[in-house]
Structures are given as structure tokens and as C-alpha cells.
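Here it is: the structure, laid out below.
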Amino acid sequence: MEIGFLGLGIMGKAMAMNLLRNGFKVTVWNRTLSKCNELVEHGALVGETPAVVVKKSKYTIAMLSDPSVALSVVFGENGVLGQICNGKGYIDMSTVDADTSTKISEAITSKGGYFLEAPVSGSKKPAEDGQLVILAAGEKALYDDAVPAFDVLGKKSFFLGKVGNGAKMKLVVNMIMGSMMNAFAEGLELADRSGLNPHTLLDVLDLGAVANPMFKLKGPSMIQNNYSPAFPLKHQQKDMRLALALGDENALSMPVAAAANEALKKARSMGLGDLDFSAVYETVRLLEPPS
Amino acid sequence: MEIGFLGLGIMGKAMAMNLLRNGFKVTVWNRTLSKCNELVEHGALVGETPAVVVKKSKYTIAMLSDPSVALSVVFGENGVLGQICNGKGYIDMSTVDADTSTKISEAITSKGGYFLEAPVSGSKKPAEDGQLVILAAGEKALYDDAVPAFDVLGKKSFFLGKVGNGAKMKLVVNMIMGSMMNAFAEGLELADRSGLNPHTLLDVLDLGAVANPMFKLKGPSMIQNNYSPAFPLKHQQKDMRLALALGDENALSMPVAAAANEALKKARSMGLGDLDFSAVYETVRLLEPPS
Amino acid sequence: MEIGFLGLGIMGKAMAMNLLRNGFKVTVWNRTLSKCNELVEHGALVGETPAVVVKKSKYTIAMLSDPSVALSVVFGENGVLGQICNGKGYIDMSTVDADTSTKISEAITSKGGYFLEAPVSGSKKPAEDGQLVILAAGEKALYDDAVPAFDVLGKKSFFLGKVGNGAKMKLVVNMIMGSMMNAFAEGLELADRSGLNPHTLLDVLDLGAVANPMFKLKGPSMIQNNYSPAFPLKHQQKDMRLALALGDENALSMPVAAAANEALKKARSMGLGDLDFSAVYETVRLLEPPS
Amino acid sequence: MEIGFLGLGIMGKAMAMNLLRNGFKVTVWNRTLSKCNELVEHGALVGETPAVVVKKSKYTIAMLSDPSVALSVVFGENGVLGQICNGKGYIDMSTVDADTSTKISEAITSKGGYFLEAPVSGSKKPAEDGQLVILAAGEKALYDDAVPAFDVLGKKSFFLGKVGNGAKMKLVVNMIMGSMMNAFAEGLELADRSGLNPHTLLDVLDLGAVANPMFKLKGPSMIQNNYSPAFPLKHQQKDMRLALALGDENALSMPVAAAANEALKKARSMGLGDLDFSAVYETVRLLEPPS
């Protein structure tokens, strides 16, 4: 199967490599073309522009760093729109907002192409291990075509209906995650101030009904006030904000998420936005008054 | 090893049975003595009063329904205090408040006895399977003596220091659990109102960083608005209140737990206190104004 | 002084009348021109289009119902833009969002005109009585020119600096008001459920440090669950949302406003959005679970 | 009319002086008796113990610093209980908790005496000016007897029913005040960070529907981060906690008060408990992460 792949950042490179290793013929492109070299050693072809890649491929996957790049790759000079046409598909696996996704979707379909948004849950390690969770939405026929690729890239893919639903599902999951992180941070500090050993709390939690990978992974470094960014706090807060806005559209009151969001904003205000989102723990620790 | 066991409710009976099956000699007592019969068939001896049980045993475990029963078994006629003395131990595994625990501890130790509070995490099934998590605090020597019994009753026991720490640890864990349940309920409703399938949300959550047994167990019944009580909402709310009070003593601000507590109070106000604590989901669903 | 006045709704009509009564020569326009008649009896001239009004006036005041009308009056056929020019001023006293205000401001100034946004605090009665509070921002020279008119329309006008600041000030005030209304509603219900007479609470409040016109005005009708809309709840909630968004831009955590906003959203969810914002009281009263 | 008066602190002295100036015959007592001298110059008699004062008076008013003093004056050696009897009244105007009030009430009535709790709203200045608000509850006949004194001490007195209702009413009022202070603090900071002048915000607020003495009094000093204690933050937070507990007893969800309470706890955690409760403003200002 001939597939295009646009964007060879940390995630994209790992994903393209997995496709190659599993027998897909992949034509790759990256803004800095030299980043294609390692993939060429593993059998990839190179397209000099997004348009060239789309021309050669039945469908093209994009994994780009942010909405502005996602837009320029489609609408820019030698972009995807130049070659997309009847029968070709475009799958954007980047994490973008609903507006960006809608703009791209409308442009692709107006040319007769198929579109799928397919944001993923999981970061570098799951990308390398083919263990992503894929939240696809848009054209069902394209999803069906892409299932063999998704099976290689992820441990599970979901088809969620119309364009926008992939992004919404990701927001809901991240909202729950953000509230949980706050609950966890409060619990760690309550244990500490009450004279309990926070490490023991981690052990107790890990044996009970709320045991989960996030507490296990983040707990020990939070206790050491170590917040090297896996998922930056400012992005977690942005997702909380967007989830609350989605709730607002639906007249849904979510007081716990709202309280968690304010704590994340407090963390931003304290200059912690670029650290890991677990740095929200700093907002519950002892603070000095401003001088 | 000769052990006493007071209280053969759902939890206590399963725990005493596990001790018998693992070779302990157990003398049991229950307010309704006929409940002892099934255990006698498995080799238990019967003590006619708590005092008799304590007299015959090196240490005695109690698993009682609430603080008032826990107090009467110790301080009442033919109670534990009548026979507790130098060299004997008393282990209260009931879930009681700090005051109750302290009163019992002081009474036992004033007679020369050893005391351990050891509330558990886990309900009927883990009790039957010997998979409880035991949060012990008090006299370390008694804890060391009791480890063989704890190994049979639970998958893990912790010694947490001075009396009160067992109860505090349980509050911290339950507070985190209560906030998580609220976060989960908000997410389920946000999915539903946004046009996403809540069952799919459960699947996505279960594959990600926040996957945990509680979401997996409670999610499907919550979606059906089925809240048969495993852990009654009013008890969860009481634990939130106590955890917030513990935070207050330590000047600790916990805005997410506070928001979750208010939602649980709203649920109580709606008459849902005797249902499972997952019934807090009802507070985020569409509501009619009062007439 | 020759002034134009666009928009003769409840507010606009009262304001234009006040200008006439105080000796201003006013040329009025309204989409339904017949609404001008009553003002003509008091000496007003009529302009057949916004452009005509602007042509005849040194500066023109607009008091329009919503952002879309505010935009069409400026940008539409025979709109303000057709005649605005060097030396003429345009003062939009409508309540519009920042984007709308900015668009209008840029269009007016690109033609050489002066622009002022001047949203007001106060509704029908203060408009009739010339007791509005005017929050002006934009071109200082135009503000200075308009002070005689503002002195007639309001009890006080403020010049707040650059365009946008008028709208922001109004958001801050309304946010405080929204949180206060929630605090008040919670207090009323706490009094009631604790066996205190809510009317007595009103009397006590009115004698103390937090006595304010809103509690005095709204309290008695809230106790009777009477919420005839003076300021619709959905508009109050929109202002809370926008204020929180303004906070978010500035990394400002506002947990009390956030909690109040969620209560207002709950009220919307209960179908109360078109009632007065004091109907948020319904969210704290006893509620039935959804069936 | 012969009245006793116990406790000549800042409040008590001003109140006793007002009674003397208005023709009451007052027998006073204070733990440090020399504090009685100034009142003697204005015609007061001195009782050497609380018992002596009660013996000489038809009813005795107490204004004491805290619950422990309130208890010792009644139950201690030569205390009120020694002389209280049929036909005599005891009016405790101190601010005490419900338990303390109930204990005193039961002791007084068991001796045949009449009891009234009558906490006040207002501090030093209103006490001097006879402008307190008096929240009386307990024995109606005693209230009726005391009305002439209350008319001198306060601008208004309320009879609120059974003992406990005075304290509850004060909690409700202080809860509303605490939430309002938080709303105000958030608004001040939002104005500041949005580029608005906080002093202008004060002016705008003072002209509108939420204008109130507290904003007017506290605003200017808050802007200067000046929090000399009129009502200490730790006491405000204690009242919020007690009001929330009262809500909990009545299954009442109060999310805004809960959020405000957490902010006040955060302020306590920052070491601000002894400053004025307006110091909660510090929690919304920019904070540094803990080092």
C-alpha cells in the first residue's frame, strides 16, 4: 500500500518508521528535508513538497507540530490542495483545534478528496511502540482504508463520526485527566501536611480502585518537585479551557473541572506554564505572599 | 496462633473465614451469636462475650459496623476492657473516626494492652479473596505480631506510625477517589451532550494514562443511571468533609476537593445519599427547576 | 449643539428624550422610522438613514440592541461609514463585544472620524432619569466634546483610555455582581434551611457593611421565586464567561467567579436562561433527581 | 433600670458607656477591675465579681472576648451561676459558638433564670455610636425587657427565636460577606491585569447596583496592600467553615462559599491569618512558586 507521510518530528518519525517496518511503501516529506534521510535508509521514498507526496499516494498522513503548520501544509505553495482530488485521502493526525480541522476538511472535500481527523492519545514512547490510541472522525470510507495503517501505529483506533468528534473526545479525556491531576496533587499535599509519607500514599493508591498509570508515573517526581515537561501545563490548561467552553455551549455545569482549571491558571500565573502539567502541585504547596 | 475476632458482618465473616482456612485458631464473637455457626463448622471456637474472646486470645481483631458499636464492644458490659491487659493486643479494623479511635486506644493502653487501628481499603470481594489493603497504625510490636494474619487478610499491609494515621490515610485516598468520581461524571456528561458515545469514552479512557478499576467498574452502570450502593454517597461525602476538615487544620486549600464535596452535598440534597457515590452523576445531568 | 442619535429602543428613546429636554438639537434615526414620531413632538429632527444623521451632526450617538445591528448600522447600505469623515465623531453606547467594538473603531478612524465606545451601567429607569453610569473609551477629544451630553444622560461618566477598556470595565463590574448574586442566593437558602426567616436576613443585611441596592431590590422577589427578567441570566452568564476569558488571557485565577459561573450554567441547563439572573437561586434550592 | 454589665474590652466599655449616658443604672465588672474606673466617673457602680453584679441587677449583659472567657464567667468561682435565679436575666452579647451558647443557656435556665444570646454585627465605631445590629435569640420575655437597652446600644435589634438562631444569623451574614470579599478581590485584580485603574473600578462600583460600605471602606487600602486587621482573616475563615458545616447539616450545596473558603485557607497557609480578611486579595495576586 502506498502511503504519504508529512511531518517527521518526534512523533511523526516514529510513526513513519513503524509503517516502513510493517511493509508499507511510504513517501515522506519534512520541512527540513534532511530529516528524511534516516527513513530513506529504511526504504522510504522522499517527496519534495506536500503536493508531490499527495500525488504519489492513495492517502497521506500528516503529523504536524501545530495548527499554523497544519494549515500551511495544506493551503501553502505546493501544498496538499494542489494535488488532492477524487479518490485520494488526507488524514490529519496532528492535534489541532476544531476551527483548523474544519477549514482543512472543507478544503479537502471541496476538491473531491476524503478527509479524516485522527488525533492521538499517547506521546513519544507509545508512538515508537505502535501503542497510540487513535481518535478518528470524518469520512468512514477513508477510515476503513486506513485501518491497516492504524493497526500498525496504535493499539486501538476509534471511528467517532463526523469531523470534530476526534478533537472533542480528546478534550473530554484531557479534562478528566486535568481534574484528576489536581485531585492527586491535593491528596499528596494533604498526606504530607498531615504527617503521612507521600510515598506510602502512592503505594496505597496503586493497590486500590483508583490505581492508574498517571499517578504511578508522575507521583514520585512530583514528590521531588521535578516537573520535566511531558505534557506542558499551559497545554493542559488550554484543553481544560476548551473543554469548559464545550460545556458552556451545551449549558453543562462542571464545577470540578472549573476549579481544576483555575488552579492550572494559578500555576500559569506563577510562571509554571512550560513545565509538566503535574506542576499544578506547586499551587497547593505552601506559598509566600507577594512582596 | 490464637486470635480473637469480633464482628461477623459481611466483611468480618469473610475475614475470619480466611484466617481459619489458613490455619489460625480463631475464637469468634458476634452480637447475634447464631452468626458464629458457619464459622464453627470451619473450626472456630465461640466466645460468649467480647471479654471472653479477649481472655482466650493473644490478640483480638474487631470488624464492626460503626463507631457506636466499636465503642460499646470495648466499653460496654463484658466488653474488651474487662480482660485486656499487659501482653494482649486489640486491633480495630473497623472504619471509625479519629475521636473514636483515640478513645479506644487510650482505654486499651491504660490497661497495659497494645492497640492498633487498621482500617481497610476494599469491600466484600477483596475481603473474601484476602485482597484487602490494610492501613495499620499504633503499636508497632502488635503490628509485627499481626503480620501473619494481615498477610492472609490482605494483599498488602502498611504500618503508618501513630494512632490516627490509618484513618487519615484512608481519608486522603477517599478524597482523591471522590474528586475523581466527580471528574469522571462531568466527563461522561460532556461526552454525551457533545454528541459522543459515552461507552466509547469508557473504551478510550481504559486505554490511556488514567485507566483505573473504578472507571471500568462504575462507568457502564452510571451510563444506565444504575447506582446500587457499594459505597454509599453519604459516606463518601462524609469522608470528603472530614478530609477537608483535616486540610483546614493544616491551613491547606483544596479547591477541587471542595468543589467535589459541594456536588456530593447537592446529591444528598436530591435524596441520593443512600445510593452509590457514583450517583453524583445525577447532579451533572439535566435538572428541572423546583416547582 | 447638534447631535445625531441612532436607535430608539427602550434605552435609546429615553436617552434621546433627555438630550432634547436639555436643549440639544438632536437628529434621530430608527430602523422603524415611525418610532421617531414621539421625539419629533419634542423637537427632534429625523434622518432617513444613519448616513444622513451623521452628515448633519458633529457627532452621533448609537444605542443599538446587539452587535449585529451595531455592525450593520455602520457597515450597511446608507450606513455611518458613508458620511463619517475628518472632524466627525461616532459614539457607540451599545453593549457589544470587544471584536465588534474594534471593527467599528478601525473603520471609523480609517475614514478620519473619531470613535468612542461608551457602554453604560444601568437600565430603563436610570436611562429615563439621566442616571446612567457611562464607561467611555477611545478618542479623548471626542470624549471631551461629548461631556455635556454625557452629563445629561448619566450621573457620572468615566474616560477609561483606549478602545476596549469600556467593555472590559463593564465585564469586571458584572463579574463581581454575578458572584455576589450567587453568594446572596446561597445565604438566603442557608437561612431558610437553618430555620431563619429569609426576610429577616434581608433586614439584617441591609443594616450592615454589605448593604447594597441589588440585595434590597432582588431579595424580596427571590424569596417568592419571582424572577421577571431585568437582566437575563443568560446574559449574566455570558459576561461571567467573558470575564473569565479575560482572566485567562492574563493568567489570572478567579475561583469564586468560576464557581459562580458554573452555577449560572447549571441554571441555564435548567431552562432558566431567559429569567432574571437572580434565578440562579433555583440552583441552590432543593432539586429532584432527573427521571 | 438596673442593669449589670460584664466585660469592659473595646466593645464592652463603649456599650456600657452608652447605657450610662442614656440614664441606665449600671453595675459593671471586669477581670481587671481598674478598667471600671472610667465608667465609675460616669456614674457606674462596680461589682467585685460576676456573682455580685448578677445579684444586684434585674438582668446582666456580658460582652466577653471569647468562648473560654464566656464560660468561665458563668461557671467559674463567683460566677454568674451563683446568683442567677428566678426572675433574673442573662444576656450574652459575645460572639461564641453554638455549643458554648447552648451550655450557658442550659445552665442559666436550669437555675430558673432567663437567657438570651445576642451577638452583634458591627465593631468599635458602631459600638461607640450606638449603631450596632443586635441578633437576639432565646427567651422572648427577656428580650422584651431588654429592648430599652438594645435601643441605646444598637440601631436595630432582632428577636430571632430559639437559642442558636442569633449565632446562625451571624454566620449567614458573614458567609455572604466572605464570598463578596473574594469576588471583590478577584475583580480588583482582573481590572489591574487588564490595564484598568483599580481606583476607577471602585468609583464605578460605588455608583452602581452593588455599591456597599465594605467595598468603599476596604477597596482603597486593599489597592495599597494594606490590611490592618479590623476583622482578622482567620476569624472570617472560621465563620466560613462553620457556615459550610451548617450547610452540610442541611444537605445544602454552596459552591461559591466553598470556593471562597478555600481561598481564605490559602491565605492562612500564606501566613496572613492575623491580617484583615481583605488580605485574601493576596491570593489572587501574582505569586512565586515555592523554592
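Note that the chains are named A, B, C and D in the order they appear, and that numbering of residues resets to 1 at the start of each chain.
Everything below uses one rule, namely that a contact is a pair of C-beta atoms (placed from the backbone, for glycine too) under 8 Å apart; a residue touches a chain by one contact, two chains touch by 3 or more.
Computed from a predicted model, the values in this text were never measured in an experiment.
Each chain gets a centre from the mean of its Cα atoms; the one farthest from the centre of chain D is A.
Rotating chain A by 180 degrees superposes its CA atoms on those of chain B, with the angle stated to the nearest 5.
Centre-to-centre separation of chain B and chain D, using mean CA positions: 41 Å. Taking each chain's centre as the mean of its C-alpha atoms, chain B lies 55 Å from chain C.
Contact with two or more other chains is made by residues 247, 252-255, 258-259, 262-263, 266, 269 of chain C. Interface of chain D with chain C (complex): residues 121-122, 133, 135, 155-156, 158, 160-161, 165, 168-169, 172-173, 175-177, 179-180, 182-184, 186-187, 189-191, 193-197, 200-201, 203-205, 207-214, 217, 243, 246-247, 250, 252-260, 262-263, 284. Of all residues in chain A, only 255, 259, 266, 269-272, 279, 282, 285-290 touch chain D in the complex they form. Residue ranges of chain A in contact with chain C, taken from their complex: 241, 247-248, 251-255, 258-259, 261-263, 265-266, 268-269, 273.
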